[in-house]
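Take a look at the structures listed below.
First chain A sits with chain B, and in the next complex the same chain sits with chain C.
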Partner chain A sequence: MALFVDILLSGVAQGMVFAAIALGLGLVSRATGIVNFAQGAMGMFTTFIAFSLLSRGVGYWPAFVAALAAGAVLGAAVERTLIRPLQGKPALNPVIVTIGLLVVLEGVAGSIWGNVARGFPAAFSQRGLVIGRTRVAFSHFDVFLVCAVVVLVVAIVALFRWTALGLRMRAAAFSPEVSRLLGVRVGRLFTLAWALACAAGSLAGLLVAPLSSFSPYYMDLYLVYGFTAAVLGGLLSPVGALVGGLVTGIAIALVGGYVGPDLQPIAALAMLLLVLMVRPQGLFGTAGVRRV
Partner chain B sequence: MLHVEGLSVRYGPVRALDDVSFEARPGKITTVLGANGAGKTTLLRTLSGLVRNHRGTASFDGQRITGRAPESIARLGVSHVPEGRGVIAELTVDENLRLGTFVRVRRGERRAVVDEIYERFPQLRDKRHRSASTLSGGERQMLVIGRALACRPRLLLLDEPSLGLSPIVTAQLMATLRELTTGDGLGAVLVEQNARSALSVADWAIVLNLGRVVVADRPARFAADADLRRHYLGF
Partner chain C sequence: MTASPTRPGAEAAPSGARKRVALRPLARRLRLPSQPLVRHSILFVLGAGLFYVLTVNVGAYSDYQIGEIAVYAIVLGGLSVLTGLNGQFSLGHGAFMIIGAYTLALLQLHTHVGLVEELVIAAVIAAAAGAVVGVPAARLSPPYLAGVTLMLALGLPQLSAQYGSVFGGEQGLTTTPPPAPGTLSPERWLAWIQLFCALVVLVLLANLVRSRFGRAFRAVRDDEVAAAVSGIHVARTKVLAFTVSAGCAGLGGALLVLSTGVVNVGEFPLSLSIGLLAAMVFGGAGSLVGVWWGAVALVYMPTWSTSLSQHLSLGTSAAAYLSDSFFGVVLIIAMLVSPAGVQGGIRRIGQHLWRTVAGPAFEPVPNDPSLAAPDGTPSEVAGVEAATVRMDQETKERSRP
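For the complex of A and B:
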C-alpha cells in the first residue's frame, strides 16, 4: 500500500511537468496549427541559461525568472523569424523547421555547456515529507512544482476566459481572417502565444532539471511524455493539458514502479497510439476541430 | 470617402478584376451587382486588404488602402462583413460582439456599444451567452452585421448579406441598412446576388461582368430599362 501511494505521488509530480509541456504544445498548436517539436529543447536551453547564471553566483530566484523571460523571448523570436515566413505553406514545413531547431539547440547547448550530465539545484528540499510517521515520496520541491504548474494553468485559463486579450487570442486562433477584418493584430497574438508557450516550456525545464540528469538531451523524453499528455488532453484546453499530464504521469509511474523504468517510454508511446486510435480528439477535444 | 481607380487583380493568369473604378460616399449605399464569378467578392476582399491588387489604387478618406494589411484597413473604419461564415462559431454571441469593439471604441464605452447592438437586434440579447454556432442563418447574419456595427465603422463592405435569408428577413435587413446609412454618416458597399432587393435601397449601382464595370448608374435606370435588367441581371 505504501508503495502504491508513493508511486501515485511521484506520478502526480511528474504529471505536472508533463502538463506544463502539454500546455505549451497546446498554445502553439491552437494559435499556429503546428506541433512544436522544439518545445522541450527550448526549455532545456533556457534552463542552461539559468545554470550559467547560477554558476556565476546569481541567486536561484533571479535565475529562475531570467530563464522564464528568456523562454518568452526565445519563443517570440522563433515565431517571428522561423515560423512566420512559412505562413501559407504546407503545415509540414514549419513542423520540420521545429525538428531542425530541436537539433540545432541541442547541438549549440552541447558546444557551449558540454554534453555531460550534471546536477541542477532545486528550489526546495528534495527529501520526502514526513506524514504521521512515514516518509512519503513527495518533497517540498514537489509541493512547489505542483503549485507552480497549477498557478500557470489557472493564469492561462483566466487569461483566455476573462480578459480582452484572451478573447482576441481565441478569436485569432479560431478564425484569423475574420479577426483581421475586425482590426485584430493576429500576427502579434501568435507571437505572444509562442512566447507564453515557451515560457511554459522553460518552467517545465526548470522543474524537471533537478529530477533528472541535466544534459542537453534531458528534455527529449519529457517531450514524448508531454506530447502524450497533450494528445490525451485534446491539445485545445489548458485544463485538458493538466488532466492529460496527470493521467500520463500516474500511468508512467505505475509502469515504472510495478513493471520497470525501462518500459516507461514504450508505455507512453503505447498510450499515445491507443488514444489516437480510440479517441483521436483526446479526452477534452471535440471531433473535427483538431488541426495538427 | 472610398475612391477606387483602375483596380486590377489577377489570380495567376486569370483577371479577376480589370480596371475597376467607382466611388462610395458617406450616407450612401453603392451596390455591386453581377453574376457568379463576376468579381464582386474579389472586389470587397481587395478593398479590405485580404487580396493584393496588381494595378490601380483604392483610397479611403484620402489615405491609400491598397497594399495595407487587413487589420490596418479595419482600424481606419472599414468594416468588411464576409460572405456566409463570418461568425466565429467557437465564441459566444456576446464575445463575437465584444470583439468588434476592441479597436475603435474606448474601453469605457465598449459595453454601451454592445448594448446598442442588442437594442437593434433583441434576438441576439436573448442568446448572448450561447455559442454562436447555435444561431439560425438569419441570426448569424444579424450577428455579423451587429459585430461590424460594433466596430463603429465609417464604411461597411457587405458581401451577400441576404444569402440564405427568407424574403421577409431580407427586406428587414435592407430596411435596417437604409436606416443606418443617412446624412453624412455611414457609407456602404453592398455586394448582392439578389439584385432586386439591393436596387430597392441603393443610391448607386455598378454591374460587374468578368471583372469589368459594364454599367454604373442610378438604380432608377434599372427600373426603367427592361433590356438592361434582362441582359445583366436576369430579371
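For the complex of A and C:
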C-alpha cells in the first residue's frame, strides 16, 4: 500500500511537469495549428542558461526568472523567424522545422555545456515529507512544483477568460481573417502565444531538472509524455492539459513502479495510440475541432 | 530513374520550327530508354560497375564506409518513397533499423540459416512492424504522426534494457560477418554484399514507383479525396507505403550491424532517426538517386565535423554535435526555402545542359513566350501540365496556315 501511495504521489509530481509541457504545446497548437516538437529542447536550453547563471553565483530565483524570460524571448524569436514564413505552406513543413530546431538546440547545448549528466539544484528540500509517522515520496520541492504548475494553469485560464487580451487571442486563433479585419494584431498575438508557450516549457524544464539527470537530452522523454498528455487532454484546453498531465503522469508512474521503468515510453505510446484511435479529440475536446 | 516524369512530348512528331543542333542525334541516342525495367536494369549495371571500380581501388576502411553508404541508401530509399511519393513521414525509422538489426543478431545466435534468409527475415519482420505502426499512422495528420513515430524511436530502444536476457541489455548482441571467399578482404566482400543489396532494393523501389502502386502512392499524396474517388483504397495504400519503407529500414539495419559486428541500441539514437529524415530531405525527397547524396552525408558528416571542429579549434565535445546540428539546419533550411534537395539541383543543372546540347524538345511559339517548355519540375502534376501545354502548342502549330 505504501508503495502504491508513493507511486501515485510521484506520478502526480511528474504529471504536473507533463501538464506544463502539454499546456505549452496546446497554446502553440491553438494559435498556429502546429505541434512544437522543439518545446522540450527550448526548455532544456533555457534551463542550461539558468544553470550557467547559477554556477556564476547568481541566486536561484533571479536565475529562475531569467530562464523564464529567456524562454519567452526564444519562443517569440522562433515564431518570428522560423514559423511565420511558413504560414500557408503544408502543415508538415513547420512541424519538421520544429524537429530540426530540436536537433539544433540539443547540438548547440551539447557543444557549449557538454553531454554529461549533472545535478541541478532544487529550490526546496527534496527529502520526502513526513505525514503521521511515515515518510512519503513527496517533498517540499514537489509541493512547490505542483503549486507552480497549478498557478500557471490558473493564470492562463484567467488570461483567456477574463482579459481583453485573452479574448483577442481566442478570436485570433478562432478566425484570423475576421480578427484582422476587426483590428486585432493577429501576428503579434501568435508571437505572444509562442512566447507564453515557451515560458511554460522553460518552467517545465526548471522544475524537472532536479528530478532527472540533467543533460542536453533530458527533455526528450518529457516532451513525448507531455505530447501524450496534450493529446489526452484535447490539445486545446488548459484544464484538459492539467488533467491529461495528471492521468499520463500517474499511468507512467504505475507502469514504472510495477512493470519496469524501461517500458514507460512504450506504454505512453500505446496510450497515445489508444486515445488517437478511440477519441482523437481528447477527453476534453469536442469532435470536429481537430484539424485534419 | 525516379519519380521524375519522362518528358511526355519528347518523342513526339518533329515540328518544322525546331532547330537542329549537330549533337542532337548523338545526345538522343544516349538518353536512357523509358521502359522502366530496361531503364532500371541499365542503371543497375552501370551502378554495379561504378562501385566495383570504386571498391577495388580503395583501402579496407573506405570499403567499410562505402558499404555503410550503401546501407543508408537502402534506408533512405524506403524513407524517400514514404515521404516523397506518399506524403507520409517518419521520425522513427531508426526503430525499424533496430528491429532488423536485432532480428539478424538473434537469428545468428539461435539458428543456422544462411545470410540471404537472415536478411530476408530481418526485412520481413521490420516490414511487419511497419504494417502494425502504419495502420494507425495512416489515420493521423502530420503533427500526430510525428509524435507517434518520435515516441517509437525513443521507446523501442528501451525494450532491450527491459528484456536484457533476450537482447543482451546495454552490451547488446554480437554478429558475425559472412566469410569472404578466396583472398578477398572481409570488408570488401561485405561492401559488395551491401552494395548489391542496395542496388537491388533501389531497382525494386524504382519499379514499384513506376507501377500501379507507385501511381496510387502519388495520387494519395496529392489528394486523398480525389484518390479515393478514383477507386484507390487510401488507407491500404498508406499502410503499404509504410510497410515497404519499414522493410527497407529493417534490411538496412541488418546489413549495418554485419559491418559493426555488434548490435546495441546505442548505435540507433533518436538523432539517427532525425538524421535519416534530414538526409532524405538533403538528397531530395522522392528521388532514388538523391538517396546516395543523403547517405554520403550521413556517413561522412561525423568525420567532416571532427576535422572542421579541429580546424576551428572548437574542442572535442563540439565535434560530436556539429553533425547533428548540421542535419537540424538542413531540415530547417529545406522547409523554409523548400528546394528539391541536392538531386533536385543536379536535375535542374542537367536539364539546362541538356537543352543547351540537344536543343529544347519544342521551340517556344515565337509570339507566345509563356508557352515555353517548362523546366520539368519533379512533380507529376507539372509533368501533366507540361504535356498539356505541348499538346496545345502542337494544335496551334498545325492549325497555322
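As a convention for this text, the second predicted complex is superposed on the first by the 291 of 292 C-alpha atoms of A that agree within 3 Å, B and C clash if a C-alpha of one lies under 4 Å from a C-alpha of the other, contacts with A are read in each partner's own complex, and residues count from 1 in each chain.
One rule holds for everything that comes next: a contact is a pair of C-beta atoms (placed from the backbone, for glycine too) under 8 Å apart; a residue touches a chain by one contact, two chains touch by 3 or more.
Predicted, not measured: the structure shown is a model, and the values here were computed from it.
J.: First (chain B), second (chain C), both or neither: which does A:Arg118 touch?
T.: neither
J.: Name the contact category of A:Arg168: first (chain B only), second (chain C only), both, or neither.
T.: After superposing on A, A:Arg168 lies in contact with chain B but is clear of chain C.
J.: Between chain B and chain C, whom does A:Arg127 touch in the aligned arrangement: first, second, both, or neither?
T.: A:Arg127: touches no partner chain.
J.: Of the partners chain B and chain C, which touch A:Glu177 in the superposed model: first, second, both, neither?
T.: first
J.: Where on chain A do the contacts with chain B and the contacts with chain C coincide?
T.: Chain A residues touching both partners: none found.
J.: Quick one: in the complex, what on chain B touches chain A?
T.: 48-50, 69-71, 74-75, 79-80, 82, 86, 88-91, 95, 98-100, 102-104, 147, 151
J.: Which stretch or stretches of chain C touch chain A in the complex?
T.: Residue positions touching the partner: 87, 89, 91, 136, 139-144, 146-148, 150-152, 154-156, 158-159, 161-162, 270-271, 274, 277-278, 281, 314-315, 317-318, 320-322, 324-325, 327-332, 334-336, 338.
J.: Report the residues of chain A in contact with chain B in the complex, numbered from low to high.
T.: 164, 167-168, 170-171, 174-175, 177-186, 289
J.: Which residues of chain A touch chain C once you look at their complex with the stated criterion?
T.: 29, 34-35, 37, 82, 85-86, 89-97, 99-108, 110-111, 114-115, 217, 220-221, 224, 227-228, 231, 260, 262-266, 268-269, 272-273, 276-277, 290-292
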